[in-house]
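Below is one structure, written out as structure tokens, with a few remarks after it.
The chains carry the letters A, B, C and D, assigned in the order they are written, with residues numbered from 1 in each.
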């Protein structure tokens, strides 16, 4: 019975998804109410997850469902972040669809499917579950990316994402097969037990399998050199989907990545060396791409690459003491809040067909809409890691972990990269504040996104000042 | 009453600034509000100064646990090192509100924010807290330059922001390194400055951390050759922001060196002190000579300020009591003198709508009070005895002579270099014949006179009767140096046996 | 504590308060109605007069004390206390400072009175007297400071006042430049002072940094450090007292009003260097080598300035160079360890040089600010008081017995000879002859012969009483000041030297009377020669300015030293300043930053090529990444 | 014995991989990916026999199901792309770049 409690939020979201899909057949279902219903479902699931996490009578599980799932504070908080991402993505979608007409109830249903996949992914403790949840999430996202069939940009994005995603999926499958071949089981607990008695390096099959699985993960988090798709896909995807992908998917993947990499100390020891280079190159490649961008979504995608780099630093440093994953989770929360904040703002500022999407389109925003400009500034500062925002504390923890793990060089390179990233974050701030406005940024219709922007702006500080996740 | 004076000093301006941003108030109301807050902060600052006992150690301590996971506390306190910096940060702001007018509401909000953050950085007794305020104090400056600055403000604001953020992010790595080292040694997490000061770190990683700290502070001070952001930023910034930058923010850089680098990296500091000294004196000479080549009044003062910061920094690197005390004293002395200079320049700029030196002339005849105030500040800036500038510069040169004769001689040239450009400027702006432009220059009004008068009097009082200030800072400075001198002693002890060993081998 | 008195602080304080009061009055009157000159005049003169009375009180106070402990101190408050460095804002009077005090306050008072007449109807009357009082206050701090640092306050204070007063007529650019020059050159000297002071502190300052303690500990100074300290302090002295190589500011300083030239640039401030060396006699006595340097620099300065003096045409410039020359004598005196002789020359020089300047001022005033001697002439009849007082002054300056200058100069030359500095003595005698020559060249051209500018001559008239009375008082001083220190050869007993003995560390060499006779005889002969040539050449009605060629022209142009300094120091300095701001700053120091930024931008643009947009290429990237990672892995597996 | 199965599996996987990176037709690419998945399936089944547990079989079944879902999606995309450009060359779809 307790086993079911930990997947309760998952059940809520999944049930919501199915219910909404069924409801979609009703003809008089208004679009606004769908959004509200889905927001409600996400909020409810969030509350349930919160209860599951906080309430004291649920003991922390080591394993559940005979080792299929694992549950710890780490996974629970990751779940919380994912659900919050879903919630705000729905807000974005609501506003987005007041200006872009290709909505249908299934859109929200797919978001919930994706969210349930992500939730499952955070908890996955077995290769089969991992594979299934990965695919649940991915398939839903593929559909969402190409949801607007009328525009070739979206179709191109889905082509790229689907093709490369499936390619990476194939890597994962092959890797899973090899791990299974090496360790004789698909369950993490048993693999771990096997590795405890046999050295990781003495089993080439296992090493090759791990390599393939990690490559699949690196692809999903857009680490160098598997990052190339992310800019194009984020650019091509509809705004709410981009926001959800950037935050939810990243959270889920990093959660499972961390769970996977701490399987065995020997294995981690091998991978740390390579992840070091991956992290460095990811950060610098992301920076280089981001600087060249004029489109905000592309810039944010590229900056997402950089943030993946920081998170990989955290992975490198993982497990110097008892693994809690607090650092990763904190960073993800900070990153998600800031990114979603920008996307909520873009949702109502973007206008019809995402008309305003480049840096130049936001000239003088501060003079017309000072509060939004201030909020966006806060998000930018948080992403850049300037105190007193959450982004700073996130970066601070990552650096602390890295230095504690004797990765001084990595920490310094991370710092250098965040210096370089100031370039494009400040560029937007400069556009908004120091240039004269050229238009009035009018917004039509009732929308929830401004509310979301403000909530997130506050939460950027709140997360920074009250680190509940640790 | 007021158990948490420091917190009030920090958050009163910050809250007021945020409120001004959000609330729909007019420009004059904002200015009045800013003035009221600034005056309140002055009162609190004086209260701290007067009640400060100077017994050594932190006073006015506040401490609340914050990020228990890594031992970060919200803790504040003042000791002899920070007292005078705090005083400068607290007491100079009312002038800005009273003297400079044509700015918008947002400007005053930013000014309030930056004041709060600066006081926070000065009063922070926790390294991470210090870092947070350190970064926060830059942001309002960024907006002030970018929104209200001169024609070339964009590159200037980008330059200062990127420079300082680059430096401070590197410092973050160093701070974390120090914290982690403490954790490794003591087994518990703490970023408490007093605790960390007990560390004495050595080794390559420590050297790297030392360099990061120094780069951050060198950019802020600025030390040669990290000064290149300064002329542009000072020139393009609205005068109030220039005032903040030069009078207080630069001093926090020096303060940081004394507070963090000196005790924690005593060994590296000792090792590289000579290089740093030369960096300071070369910067002093370089900027001082550059000042004479300037056509823009403000740019000239900017270089002048950089030049003086060089000499102030030298006082730290000399690592003896006289020089360190001189630096701490000079922090306030220079803040007052350069602050007055920039503010008076701001008045010239507002009234004449030009800053080009050759456009001005004969102001002394039109505005004698203005000229007298300017002259007093200028003389303090060149270190004339009887003004505050002399005490600091004399102590620094005295200490530098002890540290290294060459450094002492070069540091002493500040006496000459300073007067060269200052007199040259004074001649062309205040003397010679007045022209059609300066013909209508109005002298200071009664309010303006009364605003500047206390600072001018302070400049002179600090030159004649500095003991109340010195007595409060000397014990802390001595205590601070005690750690360094043991390290110096150890270095001296260890080098001797090594030499003996080598001779024995041979 | 019989040595502790409470009135010493009043001596500098009174003029300073006067300066403050008049400064405030002046500032207030700028906006409202101006105060009448009379009020300023009274306030201005009260302070100096009172200080003179106090100086007398100090003198008699000291006299009442036993000879071996003649000093008075007053510590007002602790000024700077940092570790070992403990300096109180204290004042210290001993015979040396009391002598300085007496003549500074006396001449100061006289010149204040004179200025009331000279500066009448000047629109910035109040400002002038504020500066003048400020100067006097600073000078008295210099004289009375109980430690080198307090002395330095006065030292720089007089420098500031000198700057302010030289550039007093500040609408003229040249005057301001002259002021700047004075301040900057002085600052170069001050650097030496500060460094010397610092070295002194680190050598023996930990036992107390006042003169009493320093003197007590002077023997602990090592010879090397001692030499460095002496030379650095002497650099300070060369700046303030216009010696080679820093003398260039003094002639230009004549741009200020004439009373200023008389008070600051002749009688008092410029002698501060000599006073300082005498003050530190306890260190100089330890390092004879330093003394030799001082003596030679001094006597060479005297020679150089005398040469220049022979060719000048501006009456004030002539006097300025003669001041430099006489200062050279004084340094020669203190350099050969004849401190009391040097100080005595300071004392007499103050009288006759102030007299000469005031007399020159009177002439200039009469001729409506004409300063060129070759446009004067025949003023003897028009201005009898000025004529006679000037004559006394010239005789004293030229070293004619029995005027004051003779005794003091002769004492210096004799001491140089007696202490074995024959070279110094020889040059000194030469300079003495030249002094007589150029002094009377000026005197004859101005007062004798026929008027060269008829128009100016017509309007010339004797100056008002307020100006002539100080002239007469000073003339009396110039006549008889020398009798205070008559050497034994003339039946005296060196009163001043004995009075100064407790303050100084000097040894009187015992030499034969014949040597003394020789010295006196040559001095008189030199004077005779000089005045003879001057009489021969210029005591003719039609004497005109000669046309200088060759070496004479070179000397007329002051050996091009000013130009040399200008092109060697000033121009390169300014060029460097411009170069830094124009080229070094943007390209050299800021250049690397700009290049890095540009490179980074270029790199970012280049990186765009990688993002081709072809999905197949992205797949290839993935495969490449996989391959590279595999290679890494195989390395770990030792395959 | 197992080595043969695995070798075949790896060879198939590599064929698929080469197909993905060398072919430009969307259809062919997706079929290559199917080939890679099937290579994995082969490995799973073979290894399942080796370890004598059912994990591998289950995974193989799951992979098949997922592959089917992906194929359906891929077909939809192919139709979409064909509607837009009338062409299935992947290089045609490079609007998003830089």
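By our rule, a residue touches a chain if its C-beta (ideal position, glycine included) is under 8 Å from a C-beta of that chain, and two chains touch if they have at least 3 such contacts.
Not measured: the values here are computed from a predicted model.
Chains touching both chain A and chain D: C.
When the C-beta pairs in contact are tallied for A-B and for C-D, the bigger tally goes to A-B.
With centres taken as mean Cα positions, chain B sits 43 Å from chain A. With each centre defined as the average position of its C-alpha atoms, the distance from chain C to chain D rounds to 96 Å.
Per-chain Cα centroids separate chain B from chain D by 64 Å. The centroid of the Cα atoms in chain A and the matching centroid in chain C are 77 Å apart. Touching two or more other chains at once are residues 608, 611, 613, 615, 619 of chain C.
Residues of chain B found to touch two or more other chains are absent.
In chain D, 20, 29, 90, 93-98 are the positions where the chain touches two or more neighbouring chains simultaneously.
The full set of touching chain pairs reads A-B, A-C, A-D, B-C, C-D. Of all residues in chain D, only 17, 20-21, 23-24, 29, 90-91, 93-98 touch chain C in the complex they form.
Within the complex, the chain C residues that touch chain B are 23, 26-27, 30-31, 77-83, 85, 89, 149, 152-153, 155-157, 160, 163, 167, 170-171, 173, 176-177, 179-180, 183-184, 187-188, 190-191, 194-195, 197-199, 201-202, 573-574, 576-582, 584-585, 589-590, 593. Contact residues of chain D toward chain A in the complex are 6, 9, 13, 16, 20, 26, 29-30, 33, 36-37, 39-41, 43-44, 47, 50-51, 53, 55-56, 58-59, 62-63, 66, 69-70, 73-74, 76-77, 80-81, 84-85, 90, 93-98. Interface residues of chain A, counted against chain D in their complex, comprise 127-128, 131-132, 135, 139, 142-143, 146, 149, 152-153, 155-160, 162-163, 166-167, 169-171, 173-174, 176-178, 180-181, 184-187, 231-233, 235-236, 292-293, 298.
For chain A in complex with chain B, the touching residues are 326, 374, 381, 384-388, 392-393, 395-397, 399-400, 403-404, 408, 411-412, 415, 418-419, 422-423, 426, 430, 433-434, 467, 470.
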